[in-house]
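Next, two complexes with chain A in common: one pairs it with chain B, the other with chain C.
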Partner chain A sequence: MCQVDEEYNEQLEKRTVPSVSQRCVKCKEGTAALIIRAGDAFCRGCFKDYFVHKFRAMLGKNRLIFPGERVLLAVSGGQASSSMLAQVQEGLSRNAPKKLRFTPGIIYIDEGGACGQSMEEREGVIAELETMFRATGYPFHIVHLEQVFDLPISVLEAVSSAPQRPEGSYKAAVEQFVQNARVKGSCSPGEGHMDPAVLDAQIQLSHLDTQDLANGTPPSSLQHQQDLERLFASVRTLTAKEDMLQTLRQHLIVHTARTKGYTKVMMGDSCSRLAVKLLSNISLGRGASLAVDTGFSDQRYGDVIIVRPMRDYSSKEIAFYNRMFGVPSIFIPGLDTKAPEKASIQHLTESFVTMLQADFPSTVSTIYRTSEKLHTARPPHSSEMETVAKCLLCLCALDTKEAEEASAFHATLVSERLSEKRVPESAQVGSASTADTVGQCCSSGVGQEGGCSSRGQGCCSSNLTPVTPDLKSLLCYSCRLTIKDMTGVESLPPYIVSEAERRHRRSQMKKEISEFLLDDEEDEVAAS
Partner chain B sequence: MAAPIALHLEFGGGAELLFGGVKDHQVTLPGQSQPWDMKQLLVWIRGNLLKERPELFVQGDTVRPGILVLINDADWELMGELSYELQDQDNVVFISTLHGG
Partner chain C sequence: MPILCSSCGQKRAVLKRPKTGHSLCKECFFWAFEEEVHQTIVSAHLFNPGETVGIGASGGKDSTVLAHVLKVLNERYNYGLKLLLLSVDEGITGYRDDSLETVKRNQQQYELPLKIVSYEELYGWTMDAIVKQVGLKNNCTFCGVFRRQALDRGAMMLNVDKICTGHNADDVAETVLMNVLRGDIARLRRCTAISTASEGEGVVPRCKPLKYAYEKEIVLYAYFKKLDYFSTECIYSPNAYRGYARAFLKDLESVRPSAIMDVIHSGENLSVREGVRMPVQGNCTRCGYISSQALCKSCVLLEGLNRGLPRLGIGKHHRLHGKILAQEPLTQEEERKLKAIDF
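Entry: the complex of A and B
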């Protein structure tokens, strides 16, 4: 293996060293401007065609976005998502046969509150982004991370997926759409498929929208700002912080998509990014949900489907495209900015992958191709959507429900339980499995009042219903680890806590009435 | 003895944070006996421009993996990378593609 790589490297060098005036591999005429993949030099023009084509090919191949559908573009201002926005603009504007036919909107999540940015910095960034978004003419929504404290419980429910469109209906839908457009086009040329009046109204609406947010509650109330600070202060490690931020961001995006009537969300993950995500997710214990976390489409939320159309581009291609063709992007410092290499698992994985990529140019694509082949064992659109237990935070299928006797996970649980029993006080409260969280709540609740008591119940009011609900049993393995890294769960946004309580009540009720229910299996046996 | 050369340096994608948040730098490299190449430029940047955390910009004698280099708007891999001989008025761009800059 090593030998093969060495030979390959030599070959590469031989080809690229005398290449100051190298020609493009595609048109054989233009002067090469950049090298993508091992040794393929492209000129400016060919690179542009290649880049633009790839985006549309990705969407065309997957046939997931129906004509006329409303699609929310998640733009962070960074290079990949800005490039995605530019590609959507390009695809919608020109009158090519492979024109894109959906209706886009933009969402930006302002995470400054979690990353310790000052108010002025955040306002500056938002103002810059607003000009960038306004130039596109698409409706846009600027949402502050603080708004997670206002989210309703419904975010955490995976709505059973919208009626699956039968195979082959895509073609019919496209034809129908093209015909409609032709009829419309004959009376109002120019805008193509979109009615200019509708478009105008949409733009106006979106402006109202953002003005609402900007003026009504300047970024967010002070209370929520403090809540957010407290939440992130209670997370002990950067690894868990990044994971928590990712979870909350995702909830906000899905919620916005639902309330504003979008059925798809586009994320700008590049293949370099996904390769890092794949490896770091494995290290974080998210192996069971790799397929939904890194695949082209992610149907975990049921009614809103996440798609990742940039997953065929490397970050190098994106950076070069943005630079060469003047795609604006904004750099916003995040949690891991200027962090040392080993600050978090995600950060370390990234430097590992990029370092390996520097010596072995096919690293990223190899990892990425692996992610393409992953599938969940259970078909995501099974009819028994309701019965599949989902993780409270990431909404992936629970991998912690029925632990086998001989599994490592079971062993961890047993040893955890044993070590807890040594603390007699906490063991008395509730059952052995909930003792840990309850104990944490009691101890940290003393220091930080408000968190616990503000929800109306005293910390140790009753032994039967733990006030800080036992989150653990509702979480997947990886989210358990994240919660474990928190000093207490009382600073979590209310929607998470109340949903946990609701799920507990429900399972308790189910247990109580279970004697009176007909067992499903018995039923089936009887029927057959 | 080569004459001093003027360069336009640009940092983006978060790399500018290591240079006091300034993206564009107009610099003049002093004259020296042999012509300036990229390798020497990196040493010069490290000594004269870099404000903090040099390990986040240079590693060994080259740039940190994940930071792209463009010389006159072309990939530096086409120009011979570290051995490229800098000319007067060259435009060198460093773009970080790493998460968080």
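Entry: the complex of A and C
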């Protein structure tokens, strides 16, 4: 389909020739400016060609982004996502040989409120990014993490995807697009040449103000700032904090994409980043969702598809490119900046992979290749999205069926049951309302899965008003671990709590009418 | 102030369970530990009444605890199993001698029959002799391959229906991590299976009843039960890459104690893309043992040792299998490559 791909293969073969002369291995003329791996010496020009080509090849190979489609670029200000932004600019520029044909916008999530940054620091960062974004000419959205407290319940519903495009429609869409462009004589980004299929859904939205309401204003209300502080204070471990932040960030991005009329989101995960993510997700019990979490495309949200076009680049290549071609990026401290190595699973994994990579240079690429052999979750073709039980927080398929067969999940439940009171006496439950017992139960920490929230009438929830919903039965294995590391779930944003209550009401309803239902396959909520 | 047992609420707690964080008294811990193994056995349908089960006994903590718990459970729940101990003598002076003494004491304490099969009688080589020829770098490859087959052969001599090994949760989690690091998708998919069915001629089905037991709890169990075990690591160094995975898992556990189970849960729920090629299992044309090549790993290693070409079984030399089978001599060039071994 793409001749550029063939050139690329040729280039790959040549790259194996060791370069002793420090000449570029590609053109054999230019002086080598950098060496990516042993023997891969490139001159400046060829490195740029190679780098730029790789981006287009990744998009070309996967054929997911349609001409004229509105694509939201998630830019954190870091090296990889800034480089992704530069690649999009490069690909959309007028003289690009194989022009990209989508319409980009940018989103930045300001997480300063969770990472302990002062208001001045946050404003400084935002001002710097705004300058960077404005220079691109693309619409951009600055969203503060505090805004999760305003999110609607609908974020947690995976919307069934827009009318399924038939096979082969990609090619037709490209031809159509090129024809339209010829008629109009130009096709610069932002003019919004819509694919007819997406036009309907987006026409009203594309006329909306391109700038988010919050742009330039101080990060949301004081109330929400306190809400956010309270939320993160209630999470006891850095591991769970990082996971929570990731979840909330993702919700904000998807919500913004939906409300602003974007159908794809591009994330800047590099191959190095994905290798760390794969290994830490395994350690976090997210094995069932590895393919969606680390693959090229992530279709869990249905109508908004996440793509990761930077996944073939190592962080080293990106750093080289950015330095050589002056791609701006800024360092923003995160949750685990300056944290000791063993502060969280994610942080520990990153140090481990970095250490191993130094000893065994193929570590990252080997782990990354593992991710490619994993099953990509079946795309949500089924219009009945409700039939598949999905995790309340990460929206992945639930991996917590309480089956009788041996499994780590089952074994953990058995261990907990056997370590607790063998014969629960009714008197004990009554006495559990004393502050002492409550404190003990909730703070005893790790492993008390059955102790706190599962039994509805457990020690914590019994004296809380209003009654906190039991989230556990609505969560996947890994998200349960995160919630378990929280002192309570009252501080969660309202949309999560309301959706949990709604799902419980639904399952309650279903229980009541169960004898009249003919199809018992429709398990909306996993058995609690 | 003494902490009370969270299970019975009466006796003083003597330990904090590494797996769940609960404080338990000795009796409640024993009960919980044994019940969990029982639950594993029942829910995974590991045994059938009347079966002869060989316990792979090394004299180490895992197999010692396994033997003890299986004997207890077999009586408590009338599994109706005929249990026996199966040991492999690798021929490592100072290491195996001592641990085999432990196994022999276990045999008397638990009144279980014991069968010892030695590398020397099966292959004509002791590990000491192998190390002399191959050095310390690749000796674990030999030992691992030979041990696997030795257990099978011992089991067949005794008409054993199933072999159980002392692999614990830490071992399984570590193997998951190691296979991710090595990109070994075929093993990654297999390594969390609690039991392997008979895969062919000469292979006895295996299972891991301690799959969900934490190593630390196994030590606690052995400690409070005052079980006798031999605790020295193999004197010939372990696999370096596994060492990294092990260290990483220990760190993960210290950050979040459930991490061991979480890794296993991940491994159990991975779905491998269809169309990823998995090696086809066949049988070794020389000894009949399962093998994806014409010759099984063990026969190739043995051939290398006997011909004085130790590298034969270490690299990928499938091309040479035909020559070996036909008993043909190798070319000088081939010999030169296979002889060189770095100590």
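The definition used in the following text is that the second predicted complex is superposed on the first by the 397 of 528 C-alpha atoms of A that agree within 3 Å, B and C clash if a C-alpha of one lies under 4 Å from a C-alpha of the other, contacts with A are read in each partner's own complex, and residues count from 1 in each chain.
Just so it is clear, a contact is a pair of C-beta atoms (placed from the backbone, for glycine too) under 8 Å apart; a residue touches a chain by one contact, two chains touch by 3 or more.
Since the model is a prediction, treat every value here as computed from it, not as a measurement.
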{"item": "Touched partner set for A:A288, first chain B, second chain C, both or neither", "value": "second"}
{"item": "First (chain B), second (chain C), both or neither touched by A:E350", "value": "first"}
{"item": "Contacts of A:S407 with chain B and chain C, given as first, second, both or neither", "value": "second"}
{"item": "Chain B versus chain C as contact partner of A:S272, first or second or both or neither", "value": "first"}
{"item": "First, second, both or neither for A:S419, with chain B first and chain C second", "value": "second"}
{"item": "Chain A: partner with more touched residues, chain B or chain C", "value": "C"}
{"item": "Touching partner for A:V327 - first (chain B), second (chain C), both, neither", "value": "neither"}
{"item": "Touched partner set for A:A32, first chain B, second chain C, both or neither", "value": "first"}
{"item": "Footprint overlap on chain A, where chain B in one structure and chain C in the other make contact", "value": "none"}
{"item": "Chain A - residues contacting chain B, complex", "value": "16-17, 19-20, 22, 31-35, 41, 79, 272-273, 276, 315-316, 318-320, 323-324, 331, 333-339, 346-347, 350-351, 354-355, 357-358"}
{"item": "Touch list for chain B against partner chain A, complex", "value": "12-14, 16-18, 52-53, 56, 65-66, 68, 70, 73-75, 77-80, 93, 95, 97-101"}
{"item": "Residues of chain A defined as touching chain C within the complex", "value": "237, 239, 278-279, 281-288, 290-291, 342-345, 348-349, 352, 356, 363, 366-367, 369-370, 372-376, 399, 404-412, 414-416, 418-422, 444-448, 477-478, 481"}
{"item": "Contact set on chain C toward chain A in their complex", "value": "6-9, 17, 19-22, 24, 28, 31-32, 35-36, 39-40, 43-44, 176-177, 180-183, 185, 188, 194, 211-212, 244, 248, 251-252, 254-259, 261-274, 276"}
